[in-house]
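Lettered A, B and C in written order, each chain numbered from 1.
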């Protein structure tokens, strides 16, 4: 009944459909049964701890690349591949790290002090290593015996153990490293409950249960599939429709729907990092060059920075833009935990702000060009800041900018003010030094405050935790007064999962630990 | 009577007939009325908007339609949706119409040159046209936004450039055909300067297909502008814009679904009216065309 | 004839070459490079320099381009500095997904468009025709990313009939695959269905008044036979041509649809690689897209010029 051309069309369409789909599935990852599906908020980038530069890669590493040290539910440092916390000499210049025995990499080779040394040296010396600055104070590394590694430092550096609880502490299989070199990320081999299986495209990573893991008895899941879903609204809908088992960074807008859903669990932890307005107070030639005088009215008149700060209502910003789910903040330090400085943030004071503006004698309104990332939420934040600052006599122009351009402008100093964030680290020094010390590549603002610089140096060379707490509190107060960065909030990082997923370890560092996770009941 | 005069009087008669055909079809009249309405809204947005479209109102965030004097509700910053719809028509029209017109203005002379001179000029121009067509438009738009920053001006620029190849092809094709006709040959024999032939004689005859092409391109450009805004490449906040409103609405689908409906309806209806009118125009000017 | 083919193929190659040069230069004109795109958390200038050196981005432009070209013709598009994966393997993964989406969209377009066009053409100007034609215009006018959002709102969020976004390959789970591809295919196919419908309608109308068909009617064949077999068959070729020409619109639409529905295809890859300044991936994708466009045009051109005389003989169009 169908004419010949019609039949031809139908046949060709059906054939091409079948062909393309077969190709897709043959070349694509096998969608394995029983695997837990986790939606990540961003791409992981290269899966090599040496070169890794994204937050989401750390989530994948948390399940396939164990470290010398990790943190427990209370964010206290605990040994993971190390046997105990390091023994630090009295002068703080020698670290002895005991290594556990009987541990094998996911390719079956044995972990020993030599392997640890190889990894650390790789992080220190490889041309593409992003870990170099973290390990700068370490001058030499020795494998004293198969179960002890000794680090020599040129100056005391208290953040070191925390740093070894992040990527710099991940031990790579020496065999794989020797074989792959800079392409280690295509087939990474470490120690972990799961091992790398496949990465068919930048938006999907599959891990499979490792038979070599020293605690494989505790692992229930046969594997994990990480999928990148950038839009938070889509992550939430996928979770609710059952396509995905676990999502990270659920948007504040979706929190009510997700937490009231009887089939889902949610857990929110405050970010260790922050988001704030970076003001160009001295970045003339680039962040790694010496700071100088910048043609920025906010740099010339510190009182204007104070006026801007006083025109903002952090609580209202949190309520309007983030549904009240984030935590208003005015310091680079976390708002909870042992390093929280517990400062009282300034409240909105328009009268004082106007007075400060008037005292400068400048004609109002004062124009500020504020660069913001060009996504809806950040543009909203910029708009709210614009509305609030208007009352003090500022004309804030919201300049939605594409993300890479934003980074490039920040590093080169081609901006007046920009909204930027930092994902946060365990040690307070890592939340501060890179953004305030002169010649630091992340010091977009071009900060060079003598008091802050001295305190930073003190903070990282002091060993006693209580003393350090005091020092960082002082730094927070000094930063609040200097306002090279006007801190706004600490994001609330929400994990949402189906009720039948149990055993997820989700602590204050917002990493998703799935070693003891299991997928029960109706999958 | 010389060939030119015949051509001229023929054109005048054709124009009268076209106008009659245009007004005879009800759908195209509806389209025209719709277009006029949108233009009026854009011009009078200041006077007909009940609220300030960019003033946030933190106390009345995400109000549903009908609540507290907001006919279509408020958005995530408490701004009146209806007012933002009215003001948004401005950016839509500017992007859609201006971009198309600018692109056409640039493309017509190029097409004339390619069609008249043929030979190597035509080959070079045609290859360049092919390259522009083969190049994914969005990459160009994103790149432009990355270099110059997202703005309405860049949307117009990107969309205008996207118009050029299509118009060049249409003009070139028409000029090919016209070139061989008697009245042109007569002028060439008479020694009339090339420029006069091209612009005074051929160009008016080429205008019909160009007008049709332009009127059909405007709705596509309007949607293109909405897409660019939707991807974050368009106007800066807090300017009201239908595409940006839609991309904001994506985050609030669960809490405030109406935010995703109204701007889309606006784009849809505007595009539909331009399409209806354009269709009618095409039928009127060239009823034998498919 | 051979000269025609050679000329067309030659122009196609020139177009491809020019397109590859344009994207090579254009992407390097953007602020920041792949190294900068990776520098959000760590911005060591020595490392940035090493990254640029590893991939040869610090070489002078002309040898850099020719090195890339030489590798590209052998199918080696290099490595993405952002993901570390080989560009060709990512392309090989994403391309079938986009192709499946495109084929499904075309199927939707044909299944809706051709019958609608035929029905409208039976009685031009009648009630069915008015409804059909306005419907086609509506389909042309609807911005497809909005249409997608509406469908997600209605079918996923409210009714929970279909998953909102994401992708599942066909082999282990054909039903899941179709569930995920249905809405995107409908969204993409609607605009094309409108074009197909209008084209079918006008072709059938013209064909119906031709001698060939009048003879069939005179022979006493039924209405169905006349339209279904004779008019339609002749129109089908022009319709197929139009579908081929719509491929350009399809490629444009694919990007936003893949974005809205989270489909890991070439469209999404294109956008991502611009944002990431992923030079090798972007160059590979643009070359592929240009190739697709050029090949399609070539085929359509050649088919059309070969078949044209036949259509004229049958007393049909134009």
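Note that in this section a contact is a pair of C-beta atoms (placed from the backbone, for glycine too) under 8 Å apart; a residue touches a chain by one contact, two chains touch by 3 or more.
All figures in this text were calculated on a predicted structure; none of them were measured in a lab.
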item	value
Chain pair with more C-beta contacts, B-C versus A-C	A-C
Taking each chain's C-alpha mean as its centre, the one farthest from chain A	B
Centre distance in Å when chain A and chain B are each reduced to the mean of their C-alpha atoms	44
Computed distance of Cα centres, chain C from chain A, in Å	37
Centre-to-centre distance between chain C and chain B (centres being mean Cα positions), rounded to whole Å	22
Multi-chain contact sites of chain C, meaning residues that touch two or more partners	30-31, 152, 157, 275
Residue numbers of chain A (touch at least two other chains)	231, 237, 402, 404-405
Of all residues in chain B, the ones touching two or more other chains	142, 146, 250, 253-254
Touching residues on chain B, where the partner in the complex is chain C	27, 126-128, 130-131, 133-140, 142-143, 146-147, 219, 223, 226-227, 230-231, 246, 249-250, 253-254, 257, 260-261, 263-264, 267-268, 271-272, 274-276, 279, 290
Touching residues (chain side chain B, partner chain A) in the complex	55-56, 58, 61, 76-77, 142, 145-146, 149-150, 232-233, 236-238, 247-248, 250-255
Complex contact set, residues of chain C against chain B	11, 14-16, 18-19, 22-23, 26-27, 29-31, 134, 137-138, 140-143, 145-147, 149-150, 152-153, 157, 199, 202-203, 206, 248, 251-252, 255-256, 259, 270-271, 274-275, 282, 285-286, 289-290, 293-294, 317-318
Residue ranges of chain A touching chain C (in the complex, touch as defined)	3-6, 9, 13, 16-17, 20-28, 30-31, 43-48, 51, 53-55, 127-130, 132-133, 182-183, 185-186, 199-204, 227, 229, 231, 234, 237-238, 241-244, 287-288, 402-405, 407-409, 411, 422-423, 441-442
Complex interface listing, chain C residues touching chain A	30-32, 36-47, 50-51, 53-54, 80, 82-85, 89-90, 92-94, 96-97, 99-100, 103-104, 106-107, 110, 152, 156-157, 160, 163-166, 168-173, 177, 228-229, 232-233, 236-237, 240, 262, 264, 268-269, 272, 275-277
